[in-house]
Every structure is written in C-alpha cells, then in structure tokens.
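First the structure, then my questions, so here it is.
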Amino acid sequence: MKKIEAIIRPFKLDDVRNALGDKIHGMSVMEMKGFGRQRGHSEVYRGAEYKIDFVPKIRLEIICKDEEAENLIAIICESARTGKIGDGKIFLSDVQDIIRIRTGERGEAVI
Amino acid sequence: MKKIEAIIRPFKLDDVRNALGDKIHGMSVMEMKGFGRQRGHSEVYRGAEYKIDFVPKIRLEIICKDEEAENLIAIICESARTGKIGDGKIFLSDVQDIIRIRTGERGEAVI
Amino acid sequence: MKKIEAIIRPFKLDDVRNALGDKIHGMSVMEMKGFGRQRGHSEVYRGAEYKIDFVPKIRLEIICKDEEAENLIAIICESARTGKIGDGKIFLSDVQDIIRIRTGERGEAVI
Amino acid sequence: MNATASALDTGDTAWMLVSTAMVLFMIPGLALFYGGLARSKNMLGTMMHSFITMGVITLQWMVIGYSLAFSDGGNGLVGGIDLAFLRGIGPESLHGSIPAFLWIAFQGAFACITPALISGAIAERIRFGPYIVFILLWSTLVYDPVCHWVWHPNGFLAQAGAIDFAGGLVVHLTSGIAGLAACIILGKRHGLERGIMPHNMVHVVLGAGILWFGWFGFNAGSAVGSNGTAALAFLNTFVGPAAGICTWLLIEKAHLGKSSALGGATGAIAGLAAVTPAAGSVLPFAAMALAAVTAGVCYVFVAKKQSMGYDDALDAFGVHGIAGIVGPLAIGVIASQGVNSLLFHGSDTALGGMDQLLAQVKALAAVGGYSMVVTGILVITIEKTIGFRVGKDVEEQGLDLSLHGEKAYNH
Amino acid sequence: MNATASALDTGDTAWMLVSTAMVLFMIPGLALFYGGLARSKNMLGTMMHSFITMGVITLQWMVIGYSLAFSDGGNGLVGGIDLAFLRGIGPESLHGSIPAFLWIAFQGAFACITPALISGAIAERIRFGPYIVFILLWSTLVYDPVCHWVWHPNGFLAQAGAIDFAGGLVVHLTSGIAGLAACIILGKRHGLERGIMPHNMVHVVLGAGILWFGWFGFNAGSAVGSNGTAALAFLNTFVGPAAGICTWLLIEKAHLGKSSALGGATGAIAGLAAVTPAAGSVLPFAAMALAAVTAGVCYVFVAKKQSMGYDDALDAFGVHGIAGIVGPLAIGVIASQGVNSLLFHGSDTALGGMDQLLAQVKALAAVGGYSMVVTGILVITIEKTIGFRVGKDVEEQGLDLSLHGEKAYNH
Amino acid sequence: MNATASALDTGDTAWMLVSTAMVLFMIPGLALFYGGLARSKNMLGTMMHSFITMGVITLQWMVIGYSLAFSDGGNGLVGGIDLAFLRGIGPESLHGSIPAFLWIAFQGAFACITPALISGAIAERIRFGPYIVFILLWSTLVYDPVCHWVWHPNGFLAQAGAIDFAGGLVVHLTSGIAGLAACIILGKRHGLERGIMPHNMVHVVLGAGILWFGWFGFNAGSAVGSNGTAALAFLNTFVGPAAGICTWLLIEKAHLGKSSALGGATGAIAGLAAVTPAAGSVLPFAAMALAAVTAGVCYVFVAKKQSMGYDDALDAFGVHGIAGIVGPLAIGVIASQGVNSLLFHGSDTALGGMDQLLAQVKALAAVGGYSMVVTGILVITIEKTIGFRVGKDVEEQGLDLSLHGEKAYNH
C-alpha cells in the first residue's frame, strides 16, 4: 500500500476533493504552513514591513492500493494546479500495514 | 523501528493515552479533519442546509521498536473503539532512523 | 529521497529556519502537541490544579536527497538544541517519489 | 434646524450624550458581526468596511453632510450648504433642549453606520480605496438628501406625512437597496456554489449583542430627549427583537429541524430593523407583531437568495432592505386600521388613516427607487473607471493579506 | 405599582434608560463568559442558553410575568393577572419619576438574566427545547413570585423587612439554588474526572468585563433614579469587586502558587454578586469587606465541588448561589451590629438591629427553599417526560453541531 | 474638593454615572487591545496587566489615592491625608451638582486606567507580583501628586494656568513617559529582531472600538455635567479620532503601499489621546487638526522605534506619550495665536495668548520630567531587589502558562 501526501493551496481543497470523487474512500486533511520557491508575502506592522516566508497550505494524506497511486496522483496534479509557483508537491511512500480500529481488519481491504 | 500513525475520534484521546500508559515514552498529536465512510454532518446557515464531509479527528504518531508495534496497535484499537463507523484507522510504516536533538543519540535507544 | 521529520520547540523554529538557510529549498511546518520525557505543565482552574502532559511543539517536514540528509540533521540538531529535556526528536524515513504539482516533474529534481 | 427651545435640559442632554455613544458603538459591533460571517481571510477587510466610516464619513459629515441633510437653507429635496463646516454653530447653540453639537454628533453617527450596512452585500470581493470613494459619494448623493427628505421639516416626504421614527427609510431601506444594486452589479464571489460558511460565530453573536445594545440608543435616542416617547421606543427595541428571535427560530426548526445561533442573531437584527421606523409610533404588542412578520419575510428572502442569482454576501438586503420595506409599510397599515388606541401611539402628523398608508408607500417608492438608481450609477462608474472588484488572485488569497498586509489571526 | 409621582424627571429617566440597556448588555456578556468556560464544541449552545432568554423570557414578561411580579392585584405571595399584556399601561403612565414602560423594561431585563444564570450549572449536557420549556416555567413559577415577595411593597418578605437592594435574593439566590438542584438531578458531564478546561479565556475575561460594566446599571439602576443612592450603589459596585479580585488572587497564590486570570474574573463576579443585595444599603468599606468574605467562601465551594459529587459546570451555584446566601446574610449582620454610621446606609425598613438579621434569615430560607423545591420538581418532570439531558453521542459531538447545526469556529 | 454646589442635578448625575461606567469599561477594552497585539502565549498575562488595576488601584484609591490627589488639606504639590478612607464623605455629600461618591468613582476610574497604559511598554517580559508593587507605588508617588498639580485648584500647575481638560498631562504623558523609562531600563524582548507580530487583530480592533466608546465618557465626562461643554468634548472625541484614522491610513498608504486595520485602530487611539487635553477647550475643526498632526508624529515614532533601540512593545510611549506631549503643547499654540473665536473655546484660565503656551510648556516639563525620574527609580529598585523582569525560560514559554497557570486558547 502507498501513502500519498499532497501539499496544496488551501482554496484548491474543494476542487481536489471533487475531482477524486469516489475513487477514494477516505482521506485526512491538515492545515500547515510551507515555504518553498513561492515568495511569501509581506505584512505591515506599525510603520514597518515584515517579510513572511511561510504561506498557508493544506496537507492531504491518502492511503491507497499500490495500483491506484498513479491515477490518484494524476488527478490531484490536475485538479490542484494553477500553473503558478506554489501549487505544491506530492510525496509518495510505502505503508506497511493498515488497520481499521472499529473491526481490527488489516491490509488492503481496509482502504 | 516503526511509525504508528493512528487516526482516532477526538474524545477518545484521553482513553488511548491512558491505555498506553507507560508502554510508550512519547507521542505526538495533531488535530486534523478526515473523511471516510463515516457520514459527515450537516450545517444550517441562514435558511439552507449544507453537507460537510469532513469530521474532526485526532492523529497520533508514535515511533516504537519493531517488536512493540503489534502490542501498541492492539491497545490503540481497543481503547479507541466505539464500534461505530468513524472510529478511524492505523497506518504502520518503517522508520529508518531516529535522532534525539538534545544529545545527538541515534537509533532505538532514543525511543 | 529521504523525509526528515523534526519535532522541535516552537520558539526554535526561526533559529532552525535561519540555520538551514539555502541548504534547503522548501519545508512544511505544522503545530502539534507532544508528550515525552519532558514534564508537562500544570494548569490552575478554579481552585484546583491539573497536570497537562502535552506540550506544544512544531513539526517540520523536509524532503531531501539521500546524500543531504545527514548534513541537514546535523544542522537541525545544533540549531534546535537548548540542552534541556524536551528539545525534540528527528525521524528519518524513505520517500519513494516526489511530484511537483505545477509541472508534473518527478524525482530528485523536484526538491 | 428650526427647532426652537428655550433652554438646555440636563436630563435630555445626558440621555442624548449616551445614546450617541451607543450608536457609534454599533459600528465596531457591526464590524464584528459582518466579519464573523465572512471567511477568516477576509476578517479584517470586512471589519475595515465598517470601521472606516467612522473616519471618512465623519469628516464628510462635518464638512458638508450635516448641512446637506439638516440646513434650513435648501428646499424640499436637499439642504443648503450654509452650514458647511458647521458655520455659525458653537458650543452654546441649542437644538431643542440639547446642545446643537450633540445633535450633530447623534445624526453623524447615523450617517456613519448607514453606508457600513451596505458593505455586507458586497463583502469579500471589493477594493478598499474604491470602496471609500463609493461611500463618500453615496453619503453625499443618497444618504444626506434622503435624510433631508424624511427628517427635515421641509423635506418633501416629511411634508407628505411619512413616518420614520428612527430610520427605517433613511437607514435600512437606503442601505439595503444599495446593497442589492451593488451586489447584482459586482457579481458573485468565487466558490459560492460550494457554500461559504461563517468563520467565527462567536464574533457574530457578540456583534449582534453589541448592535442590540447600541440600538437602544439608536431608537430611543431618536426621541431626542429623555421622556415617555424614548421609553416607548426603548421598550419596543427590547420586545420587538425578542419576537424576531422566536419567530426565526421557530421557522428554522420547522424548516430544517434545528434552531441555530445564527438564526437567533439574525432574527434579533431583523426585529431591530423592523421596529426602527415604528419605535416611537406603535405600542409594544404592535412592535412585536411587526418584528415577527418582518423576521418571517426576511427568512424567506435569505433562504431563497441563492436561487435568485445574486450574492448578497452577508444579507444586507435580505435583512436590512426587507425590514426597511416591511417596517415603514406596516406603520401605514396599522395607522390605516383605526386601531390606534391599541396599536398606534400618536403621530407627528395630522394624517393617519388610509392617507398614512399612501404617504408610507410614496416614501418607500421614492427612497427605494432613488437609492437603487444612484447606487447603480455609482457602482457601475467606479467599476468601469478605477475598478471596484478585486481580481481573482486577491479574492483567493483574501482581502486581509492582499489589501491590508495583515492576518487576523496569528496563532 | 403603588408608587406615586407627580412628574417625569428627565435625569432619572436618562439614567434608567441607560441602566436598562446596560443590564440587557450583560446577557451577551454572560453568554461570552459562560461560553468561554465551556469546551469549544459547546460554545454556541452555551451562548444560546443565555441569549434565548432575551427572546422567550421577554415575551413571557410582557404577557404575564410583569403582572405576576408587580401588579397590585394579588396578595403577599403573587401579583394578580390584571396587568397581563400590560393592560392599561401606556406611554404616558409613570412609575415614580420615570415612565412605566421604562420600569417594565428595567425589571424585564432582570427577569431575562436570572434564568440565564442557572444555565451555567447544567451547561454542556442539556437539550435546547426542554431548556426553553424549563426557563419559561421557572420564570413563571419561581422568579415572578419571588420577585413579588421581595420587591413588591405587598410581598410578604418586603413586609417582613427583608433588604435586597438589587437582587441578591431575587436574582442570585434563586438562580444559584436552582442551578444546584438541576445539576444534581441531571448528573455529571462525561469525562469530568479527567478535567474539563475552559476553551477560551479571552472570552471569559471580556465577558466578565461586560458583566461588570452592565452591573453598574444593575445595581445603581436599582435606585430607580439618578441620585445619591445610585451613586452609593455605583461606588460599591466599583470597589466591592475590586476587593473580590484581590481576595481571590491572594488565596489562589497561597493555595496553588499562582494567580490566574480566571481567578481574577471569578473574584470580580463573586464580589459583584456579593454587593448586589447591599449596594444601596452599606457604605463602601463595608461593601469591600462583604465582597472579600464572599469571594473567600466562593473559592472554597468552587475548589471543593469536585469532591462534593455534583457537577456545577460553570459554577452557577458556587458563585451566584453562595454570594446570594452570604450577601443577604451579611446585611443582617451589619445592620444588627449597631455600626450603622460606619457601615450601614439607612434602610427602607424600620427594623434594623437583630430583627433585621432575623428578617434576612427568614427571607433566605423562604427563597432558597422555594427555589430548590420548585426547580427540583420542574427538572425531574421535564427529564422524565420530554427528556432534559442529551444522549451520550450528542454530548460527545457537542451541542453546537448536534443541536444547532453549527460550529463556533471555522478557521 | 472646594467646589460648591447647592443641589444635586439629576441630569448631571445621570451623565456622570454613565460616563464613569464607560471609563471603567475602557479597561477590559485596553486589555483586549494590548492583548491582541501581544503573542498568544502572553495574552492573559497582558490582559491581567490592565485588569488587575481595577483590583489593586481601586483599593489604593479608596485608602489614600483620592485624598492625595483631591483633598484640600495639602499644598501645591500634593493633597493631604485627611480624606484617607474617604473620611467624612457620605452618600449625601456633593461635588458640584453630583454626589461626591460619584466624583470619587469617576476619578478612580482614571486612576485605574493610567498605570494600565504603562504596561504596554513593558509587555511580554515582566513578573506579575513586582508589577503590582510597581503600579501601587507609581500611583501613589506619580499619578496622585500629578493629578493634584493639574486638577486640584490648589495644584501648582493649575495655579499656573495649565489647561488639561481630560488628562493629556495627567493620564497620557505620565504613563507614556513612564513606559519609555521602564522599557529602556528593562530591555528588549528576546527575538524582537526577527519581528513580533500581533496574534489577534480582531481583539485589537474590538478593543479599539471599546476604548473609543469609553473615551466618550472619559472626555465628555470631564465636563462633570451634562451641558454644552460636555457636548463639545463629545463631538471632539468623535471627529478627532476620525482625522487620526484618515491621517494614519494615508501616511501608511504612501509609505508602505497599504492601509492596515492596525493602522486605522492606532490612528484612532492617537487621535483620541491627542484630543483628550483639549476636548473641552478647542472647537471641532481645531480638534481634527490637532488629532491629524498627532497621528502623523506618532506614526514617525512608532515606525522608527526599532532603530532607536528601545522596545516599547505595544507603543505606550509611541502613542500615549507622544500624544501627551503634542496635545497639551498644541493647546498652547492655538491659544497663543489669537484665533480663539475659530479654534479655541473659552478656558478655565485668565491667561490665554503667549502666556498660555508658556504655562503648557512648563507643565509638560514638570510632569514629564517628574514621571521619568520617579519611574526610573522605581523600576531600577524593583528590578534590583525582587526582580521585575522574568527569566528567559519564562519569556519563551510565555507569561500565561508560567505565571498564571493558564492558556488563553484551548481549541
């Protein structure tokens, strides 16, 4: 099984969610801040300007079967893209096992 | 070493923490929102009803020795269970190394 | 590629960020709460004292090339250290692939 | 003003000092109320839409607004410019039994809050500078003249006998209609179809509480004295919103199965706006009925707005506009029923009866139509010239960071 | 009412207009205070418990409550129903030197806030509809009669000479005792044993600030005029809570090693509740002593409640109930000491001395006992019939989403 | 006080009751304003710095402060101790046309808020106990005497003809200068060089709104009556901050390209502080000019403070100190220009003209110098003995958890 971790723009969450539709059965979402190539913004505070590196991002985590990963990645890329720097990244890694707390079931069936 | 990532109901955190007792020496906790088989809720806003997919969840992260993982998973399953859809999931994966910032120590000893 | 996950004291974020300088091209930051060997604090509430295990921490996530990992870990350790219990930990694991949403590029080039 | 009074009354003055402060306190209350309904990325921008009126409209009022609204030197349509810069008015001047400066401040507070109400309709998508230009022009071209029409004894609607005790026409109708016109012209927010929820309901409830508190000054202060009419207006401002709350929550429960905090707050505001024109003119149980009916009509408009195709973001029209129509109309209906002893308390006019209803309808049409047309022209002109609406990027990032260089929350 | 007055006084009326608005402003303040002490998932539900009283109790007061409390047409136990729907009262009617409508509004504000206080004891675990049923019945069966006993000249406790200047008995004791009865019957919140902490202390501190502000209207407004007694009550309402704050923080520091913001806020509220019955009756240093003692007693009750086995969630009994006992009692003690010239300021009664202490004790027993019994019957009946307490699922998800379909915060 | 009055006026009393409550309400407003500007880990500690003054300074005022400031039994430098514990003052005593107890409360509110203002300069890094010691001593040694100098008829600056209507010297200059001295001595916060941003701008804007509301009581209440001077002060308190807002936002836009919500709030506060000494003495357009100039000067000081090497954390000096200098000076300038009929409204003094300017400069030097020296001695002494500043660990963890055992937010 695979873990897909996608860092996207906050206002793209709904688009991504809709695009994934019923190709996934679950996902987890966290708010975070990121810094990267995207220029941060400047904030104004009592007569001075401050450069803020970190921009708010959303982090999605989806666990899926090995064979589903490529398709999901493609969908996320497409639906989260604006074409401007800061669209975000997707990290793919292995998951060894998955357990459903409610039933104790394990493995791919749980996804 | 293993990373146990458990997604549980917010109000179960205390139960899980207590059940784990001194079988763990540390853990990390994040607030997040999840969607899955559990039906979300509906919100009422000025004469209209909106369906909200995402429900608040807590994400635990515990790093442990390989041999401890099964036992901890069992404890989490038991203490986080209500038996209703939405109890959450546990993801198990490998961790390659672990470093204690304070001392620079590495490996299992750090856990 | 490697994922470096570092749990540090909140007020050390700026130091770590500065120390890493341009050795990294991006990172992600989340607020979380942790418990470990560090004693939590006690809170006072209407005539009673409550022991709170969890202390606020910051979680950094940096994806880097295999060969960069050791150096980054060393820098984080140094810049996040106060020498007192609770400085935090670093977890190192493998990442299988990384994709830039904006371009669809993959692999080390994306970092 | 042509009010004549022999002497200052310390009791009247005390009440008007306080009620003026209370009306001004409504502005941070409105900022909080509207801001809480917006998304967090637009919190400060939304608050600024209200807050800035205490800066720029105050200056406009001192320079020319008060004169346009209340000088005797004009005609039935607008005051003169003889009182520009408050010429000739000093600390010893009186308006009735209170200092003239206090009267100017009291009316100035009304002038500030009215354009702030409009901002709710076009929240989360407008530029700050053009907004300031808009409210300055709008106050000068819409608010000040309408105020003159209705509240200056020479005003043509005052002459026609229209009753508007504390501003159903002057405040709520003008701003509600302006909001409707502006939001239709400027278009919807991006992402509206997926639902946009309030980001902080605590701000909304607290804001409603502050608004209600200030509204006692707004309505009972409109008696311009500390007397029985003030007490009547006060009681109506207490019991009207109560009926508004109950009505809204009951409808909501029947319609959606739940009674929400936002429903309670909205019902209260609808009730407050409803009793405003009638506060000193109807007896308490009439005020309650009026508020209940208004809350019901507002519910329908607010619930149906999605399907009507305009994006009145925070319901400036859905609440204030509707209340500004139903309230003044209801006064006419009540006055025309010959039930004065049970429902109606005197009147400043000799009309009453069916004539009163006609006077009210005429006033509604004149004020509503005028505000609609002038606002439309202003908004279109500003949008075509300097640009009123923000670009999509700014809308996505939010007004706070893009326009004001700030974040509301930095946990 | 049998107060006779020849004419309206604009100064008295001005002060009563403002103080009524201030008392009503306490309700959003209380909503914020209680809400901040609750968990975030119950924020709106908790605010609604206070806010809704301005809806339903207001209507009850207009329909029947005022009559039950203040009509002359009853006996020593309850007023008549002759003033139901305010029959016969008009904008020109006076109560003393102020309009009767204003007096009705002022007392109506008290009627609204009292049941809201109860809700603190049973917060985070009750259903909304049954709560509304409860407060409607409670106001009719407990508040209105007790108000009559103590504040109507014919009331049997007024006749017995009990002193309760601004509502130690009528407001704090009735609600505090009711809270105790209700929370014992309805049981504890789930998870209490692990500690439940306030979710937003800023709301708590701001809420306390608003409450204090409003309390000046509550206490000094109870002079029903703008005079020396109002000033005395005002000063006491300023210095009493100051003593409450200092006392609480010192005890806390000695007991736990730290002085908390919640401690300061709670000490202020305890001091405010303590001076309420005495505000116009004792001199400032007596008010300070009274507040300090009360704050100390409250500290003990609040700190010990866990071990006493009931879950007075937000300390409605621990603060208001205790202050409602200590305050009225202390007046008796002070009056009985013959230290009038230093501590005691006149009295509406001819009693004084030891008789006064007896009158106070009698009033405490009557009011406390009555509220306890009637509340108990009401709560049990509602729980057994329509169900008062929410199910475990609802409690876990929180009132906001489950009952009101809303979230307080949507970052 | 030596004011003589034949009888209580209910209108004057009504206004003073309300304005006293409004001034006290500024303290939670200030707590919110300052707290929002601090980081979230210091929110409650920062609020406590303001809130605690309503505890300890209130007691100090009752015990000795009022006497030191206002008793006739002293000399030109300080009052006597004959009114300690308010000896001899009762509910029937009058001060002019209002009860003496009310006058004591009104002035007590000023005594409370002044030390709270100082705390802004040294926020986020001081211990709580030593802070209480500091404000108690500071009030006794600085505030009370300066209050006597300026506001007691016998005070040497009052005798010299200095004008300070509502506290430019007594409140803003004393506290602003004290803040400057204290923050220089105690040093900068750790991490300042990387920028420390406000954690909650909503608190800041709402706090500013509450402050403005209360300031109407502060300034117009300083007329100690419900009259034309009160109305003048009221109008100035309305239009001055308006000019402050506009000025600040325009400068900010020119300087940094954006107009911020914090800029608007700061401009309003600067304008409020600026008109304070002049509120009852200058005509509205002079008040607007005064506020605009002051806001401009404040902008420069606030923007440049980083490079000046001290850490006036929340700009107690940058706003209140500067306004406390510019305001009183400007009165002298205006009075000296012979433009009285356009800009200046009467005066309590027979001076006027160039003499007035000299009197103002003298007062500025005396008050500013005295506050600087005494504050310096106090802060150094406390730091060397019991320790004023917290350790680095506490500063990093935040005052809330370390000192008060609480967290502001528990989501």
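To keep things simple, chains are lettered A, B, C, D, E and F as they appear, and every chain counts its residues starting from 1.
Operating definition for what follows: a residue touches a chain if its C-beta (ideal position, glycine included) is under 8 Å from a C-beta of that chain, and two chains touch if they have at least 3 such contacts.
These figures come from a predicted structure and were not determined experimentally.
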Walk from subunit A over to subunit D along touching chains and report the minimum step count.
1
Out of curiosity, which chains are bumping into both subunit C and subunit E?
B, F
Starting from the defined contact criterion, work out which chains touch subunit C and subunit D both, please.
A, B, E, F
Which one of B-D, C-E or C-F makes the same contacts as A-D, at least in over half of the residue pairs?
C-F
C-F or E-F, whichever has more C-beta pairs in contact
E-F
Measuring from the mean C-alpha position of subunit A to the mean C-alpha position of subunit B, what distance in angstrom results?
18
Please compute the C-alpha centroid of subunit A, do the same for subunit E, then give the distance between them in whole Å.
51
Please list all residues of subunit C that touch 2 or more other chains.
30-31, 43-45, 49, 93-94
Subunit E: positions in contact with at least two other chains:
9-12, 14-15, 18, 197-198, 200, 226, 256, 258, 260, 262, 404-407, 409, 411
Which chains touch which?
A-B, A-C, A-D, A-F, B-C, B-D, B-E, C-E, C-F, D-E, D-F, E-F
Sort out for me which residues of subunit E touch subunit D in the complex.
8-15, 17-18, 20-21, 24-25, 27-29, 31-32, 35, 43-44, 47-48, 51-52, 54-56, 58-59, 62, 85-86, 90-92, 98-102, 104-105, 108-109, 128, 200, 203, 226, 400, 403-411
Subunit D partner contacts - residues on subunit F that touch it in the complex
9-12, 14-15, 18-19, 22, 39-40, 197-202, 205-206, 208-210, 212-213, 216-217, 220, 225-232, 234-235, 238-239, 241-243, 245-246, 249, 256, 258-262, 264-265, 267-268, 283-285, 288, 345, 409
Subunit E contacts subunit C in the complex at 195, 197-198, 252, 255-256, 258, 260, 262-263, 266, 299-300, 302-304, 306, 315, 318
Give every residue of subunit A touching subunit D within the complex, in rising order.
9, 11, 14, 41-45, 49
Report the residues of subunit D in contact with subunit A in the complex, numbered from low to high.
191, 194, 396-397, 401, 404-407
